[in-house]
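As structure tokens, here come the structures.
Here come two complexes built around chain A, the first alongside chain B, the second alongside chain C.
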Partner chain A sequence: MQKLSDRGINLLFQSGAILLALLFTTIVLVLSDAPPIEAYRNILIGSFSSWKQFSDVLVAWVPLLLATAGLLVTFTAGLWNIGIEGQITLGAIFCTGLLRLTLGGDVPPWMAISLSILAGMIGGALWAALAGVLKTFGGVNEIFGGLGLNFVATALTLWLIFGPWKRPGIGSMSGTEPFPMELWLPQIPGLRLSVWSILIAVIGIAIIYLLLQGTYFGLKLKAVGKNMRSAYILGIPTTRYMMSSFLICGLFAGLAGSIQVVAVYHRLIPSISSGYGYLGLLVAMLVNYQALWSIPVSLFFAALNIGSIQLPIVLKLDSALAGVLQGSLVLFVLIMQGARSRFTKRLLR
Partner chain B sequence: MEVSLIGIHKYFGAVHANEDITLKIPSGSIQGILGENGAGKSTLMKVLSGFIQADKGEILLNGKQVVIESPSDAIQHGIGMLHQDPLDFPPMKVIDNFIIGSRLPLFPKKSVVYREITQLQKQFDFDLDLEAYVESLTVGERQQLEILRLLWLGASVLILDEPTTGISAPQKNKLFETLRLLAGQGKTIIFVSHKLEDVEQLCDRVAVLRQGKLVGVEVPPYNIESLVTLMFGKLVNLADRQDTCTETPILRVEDLALESPRLRIDHVNLEVREGEVIGLAGMEGSGQLLFLQACAGLVRPIHGRILINNKDLTGKRYHVLMKEGVTYLPASRMEEGLVMGLTLNEHFALAGENQGVFIDRQAIQEVTSTRIKEFNIKGTPRSTVESLSGGNQQRALLALMKNQHSLILMEHPTRGLDIESSIWIWSKLKNRCSSGSAIIFISSDLEEILHYSDRILVFFAGKVSPPIPAEATHVDQLGQLIGGKGWDKLGLPDLQL
Partner chain C sequence: MKKSVIWRLLSLLLVAVFVLAACTPAATPPAEETQPPAGEEPPAAEGLKFGMLLVGPFNDHGWSQAHYEAGEYVEEKLAGSEMVYVDKVNPADRPGTTPAQLAESVVQQGATIVIFNSDDMKDSALEFAQANPTIPVIHASGDSSWVDGADFKNLPNLINIMGRMEYGKMMAGCAAALTTQTGNIGYLGPLINDETRRLAASAYLGARYCWENYLDKDPADLGFKVTWIGFWFNIPGVTSDPTQVADDFFNSNFDVVISGIDTTEGLVEAKKFAAEGKAVWAIPYDYIGSCSEAPEVCLGVPYFNWGPAYLENFKAIQEGTWEAHWEWNGPDWSDINNPDTSAIGFVKGDALSDEASAQLDQFISELAGGLNLWTGPINLQDGTPYLADGEVATDQQVWYLPQLLEGMEGQSVPSE
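Let's turn to the complex of A and B:
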């Protein structure tokens, strides 16, 4: 048999998947009587035509990358942490809660912000620990446990917004009372973007990259994810490693939630996680454990999200188009992975 | 049916697994295929049974050329393969196992199937209860079920891949009787094995494969030495017994009682000394695995004590016992021993001592390379474990053991390995014994138990014999004991069921 290089085959199938996803989305567009080229052009314009647009993409990129970074850890341990949405939400709740405590006191703003981010991380980790305990000690599959906890987190947010933390007068869906400017993460003048949050995201993914690539912790986690029984016999405390992966993912999710509060919305709103947890699951699946790849891929996904915002205005299309493209991309990449392994098996046998 | 393989070639990447194999198997004969692990036996049989396709060569059935692209093609042509592990559905009834694999319509008439199978049973002297659940059958009965199923599907050529692995001596005799009967009625039997004695006992002719090539065809009376020379290219002898046993105890088991959903073991007493090898004999599922896992801390005893190095470690977890130098090597290498998808490098990193935070890839690479050389593993540091052959996986598992051990607990240390690899693995294990480790191992190969153990525990349906010195017993006695007979001579009541 002729030798095709592994990388070559990989590239072939990956680009095939992207083409198929585009083709599929185009068919959806044509079927709904929309001009496909025009739609794609508008997405590009919406995300890259100006600094302002691109900075919005970056604003979406930060929480998405942080969520993905956390999920890479749970994925490596072989866990489907669907509960990440709830963990982001709890991060936002804890962050908001701490900021509210500092209101009216004389805590310096930088300290209030730092503490609130820390509180958010702890909140996310606690929520993740719940899913982890359910999984490792209660025998509840982390997908079901996580999903359940997501609903609880949403309910908790709504209760806080309409109950204890409601705006003076009457509570509304627009969220809690916005925090004063000094409790915002410093932003670039004229833009919604904060350099600090970019820095946090980049450091975050770097930590995860190092953790998974270069440490015994990462290697052991990988062994647990691939074969728990063998890992145990090799001497790895599997339960402790699974719990740690939940906690780390929760820390990152909570960080993402905190950023949504201190750098983006400056208050608690009902859907503060903005679906970045679920989107992060897609990104993590797409990059297949490779932390560095999650940087461009999550940027691309963020661009699709931001770029499609103006579709309803310009083309009278729903902005869900981005979701169609993202979802079909993941599906086709997964299909292509299956096709590739069948193809290489055929070559081998 | 006469089977002819002509000029079969098969490559796996750079490996030439079958090289120009031409073999004619006459109708109604029992053809042995002999060879060590990796000689190409299984590859050749997979080509014939449609699991893989030859890169070159022809298959002729009764002189007519056929193309076999899948196992269902093969059965259409009358070729059925009996796999090493039974391919049945344990929670279902025997009769339903027949119906599942057939091409009957959506609503099959059970009564017709019933009649056909009962008739086949009579013809070939089988005695299976069609209403029984498969999980209640013995391994031997499950083989019968599979043979019967293939016959019912119209097989006139039966390929058996290492069928005597994991079955008892009486079950083996029954199997051989059946195969002779089948051959007598015109079926062609192809019997793949690496066990000389089986081939000698059963086969009308033997083809020997070595390194992908057919190196000889022999007919009875067989000259064992010449068969061994054909298999390995040289003569191989078992190493002499060496006594490494000392007086220092490592493990003490006191009045141990264990329980699993299926059986209960009571009153086990055993003291194992440094350098000693203890063999656990018994039919699969007689309690020996339960006992071994209890010694490893993987099963919690319900009564009694386990002391290692004079420390009471009863009820402690495996990881605690590991710190005391206990190692457990499971039989299912890929499920419980190695991690699929990880490389040898990664395995040695995981198993290594003095781990810091960061992995020193350079150092690990060196360790791996040394171990690969030392344990003669055919692979590179970057090979994933699933890319290794079974024998090399077993070597890797052994190579992963830490250097200081006091107690090594093993299931089937040489199952599926050829004689040469087995001898090699035992020489490594004996080395460990001379440096003070003790070994407790399970094996279904009585010869192996007799040859390598100092003392033997026999298990039968949860009953445990007192330790029997290996010199004081022989294969026949052990064979009877694992079948539940002759226990009175040990001072215990006979345990006939």
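Let's turn to the complex of A and C:
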């Protein structure tokens, strides 16, 4: 009985947070002279009105969910892996690099694609390892190290696109020469969506769920995240656990980057990460690090991203509105969590 | 007790949300709302909705605004036509989207024709045209529909439209050469490709011609330097900062900056330096009204006038006579600033002296009379002959210019 009412209170605070976020966004809209209901309606229309549009939401959902999945691991270890953007980018770079190697060779396409995805995962893990080494051995906070590495990753992408990997004769912001269709992850005819990438995302989040909920490793990682000192005293090699969490997150980030290359853009473009790393951080915070919840929440965030494309077209509004809603959701959920813990404490007293 | 307080608070919030949300549409007249249903319901018999994807902001005083206003021109001239547009269509401003995806969005809003307005949208324009064979696609710039071009794609529903801005750039170069006191002209370039190379080279050819023929000076004394920023407009952290590049020009004895980018940093910086007492000038690009930001230092602007070409194509589409072709439209030499006929124009700026203005007029009439500056001898930047003495460049030779020209300073090809 006690348990149930606990859950009730929790739900109450959560829905309060959502309402506050909606209220806040509505106020922003009102202040900018925009019709709020029209705006929300257009976001919904833009993401759910047709199968085609919903498939675009899924296209954005896959890399976002993969990034979130990786972040759940670093969050569990108490780490703020803000360098995930760079890890996605490096994944995309490694993936593109390997695909380029197979061009003109005799490698069967399915093998080229699989190898390139693998290469992307390794690339992401390497970049994450760098942030991890900086953190564990160099004493550089992972937020600063990660941010720095993000910039380096962006610079590297631009250098490749305008330098060694430029299109014949020209460097172009639209990226490297697109890969031939054999090297695309097979798509559903008429849509941009690939069943394979959905499969990868679902398997990915399932692995993370099992890892965190059902393994000894996950439990120890939680101990490291909750209290590193006591975990260390209890005999958990904290450094090794933190490094592993970076590596796992990097693998998933790299996978997200590979998906961006083989399933979405079919080439390397300047902002290949599409901000899914930062968005993944928001999702992970919002779901309070519970893997299963990240599935619907990341879908919702992807829908906001895709749906908000309608805003500039129909209402001449900036599509950054989706970002306002996403950001305020996280803020208010965090605030409400704080409020809830104070509230329950007082009740106990 | 506690709980009911919370409930009451939440209900209050909920009510507030709905009240706020419900009130506003009534307060702000639904200007957008009244029209679409009317346009959507009857099957597009008379109304023609066209979609426009703009690479930059619709009000950038440059390339994108020129297209946006061409859209407004069509709306005005073609009864019942309506534009649906998305601006800032580039990977930095709209992460996670592709132009093809945005094109589908404008089609969903009822557009039956789609215009892609940037060379950088080429992949998407092709992809979209292939996937939607019933929708006419107009790609502003590009050579995919040029039968004699190097990159002919043979799609029945895609055409390229481009203006012969080479002439506009020659006029810009001429105005710069007639004005410079230091003999050094800076060219603020975007990224390096065929188009930007030939436009920078055209500006140089115009400058050299007027320098040599109207001022009687030695071409060897004319400095002409191109600095590329990396894209059509500033993307912080990604491109070089055009403001910085313009400053560097003005600080190092270059007193006229010709802009090749889509935004007006060159002009804005010239204004700043002039306010500090320096004698400097600038020539913006793309958009007829761009001098207005700093008329006192503006020598003039070569601009695109896309309206007439769009109008003509839309009419052909409506009449069912439209088919794939390629357009490279020049100025109307009887009046280069005629808004209904000339694809390329040049508006003189307040800062152009009367003498220079008269000489520029003479230059324009020479061009109108058949003067072709793309006539040999012309050497490429590294000294290799490109056009022999008296040889006139073909369209292909101009379009696919492989390097800058001899006498120009600056990068010819992107660095390895």
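Simple rule for what comes next: the second predicted complex is superposed on the first by the 345 of 349 C-alpha atoms of A that agree within 3 Å, B and C clash if a C-alpha of one lies under 4 Å from a C-alpha of the other, contacts with A are read in each partner's own complex, and residues count from 1 in each chain.
Assume contacts are C-beta pairs under 8 Å (C-beta built on N, C-alpha and C of every residue); 3 or more make two chains touch, one makes a residue touch a chain.
The structure displayed is predicted, hence computed values, not measured ones.
Overlaying the two complexes via chain A leaves chain B and chain C side by side, clear of any clash.
Once chain A of one complex is fitted onto chain A of the other, the partner contacts of A:38 are limited to chain C, with no touch recorded for chain B.
When the two complexes are overlaid on their common chain A, residue A:194 makes contact with neither chain B nor chain C.
Judged by the touch definition given at the top, the superposed model places A:174 against chain C, while chain B stays out of reach.
Residue contacts after overlaying the shared chain place A:55 against neither chain B nor chain C. Note on the composite model: angle chain B-chain A-chain C, taken at the C-alpha centres, equals 140°, rounded to the nearest 10.
Legend: residue contacts after superposition of the two complexes on their common chain; A:81 is shown touching neither chain B nor chain C.
In the superposed model, more residues of chain A are touched by C than by the other of chain B and chain C.
Once chain A of one complex is fitted onto chain A of the other, the partner contacts of A:47 are absent, as it touches neither chain B nor chain C. By the touch criterion defined above, A:214 lies against chain B but remains apart from chain C after alignment on the C-alpha atoms of chain A. No C-alpha atom of chain B lies closer than 16 Å to one of chain C in the superposed arrangement. In the superposition on chain A, the residues of chain A contacted by chain B and by chain C do not overlap at all. Across the complex, chain C meets chain A through its residues 2, 6-7, 9-10, 13-14, 16-17, 20-22, 24-25, 28, 30, 32-33, 84-88, 90-92, 94-98, 101-102, 104-106, 108-109, 119-124, 131, 191-194, 230-232, 237-238, 413-416. Looking at the complex, you find that chain A touches chain B at residues 1, 214-217, 219-220, 222-223, 226-227, 229-237, 348-349. Across the complex, chain C is touched by residues 12, 15-16, 19-20, 22-23, 26-27, 29-30, 33-38, 40, 46, 50, 52-53, 56, 60, 151, 154, 158, 162-164, 166, 169-175, 178, 190, 192, 265, 267, 269-271, 273-276, 305-306, 309-310, 312-316, 319, 343, 347 of chain A.
Every residue of chain B that touches chain A in the complex is listed here, in rising order: 11-13, 52, 318-319, 322, 328, 330, 335-342, 346-347, 349-351, 355-359, 400.
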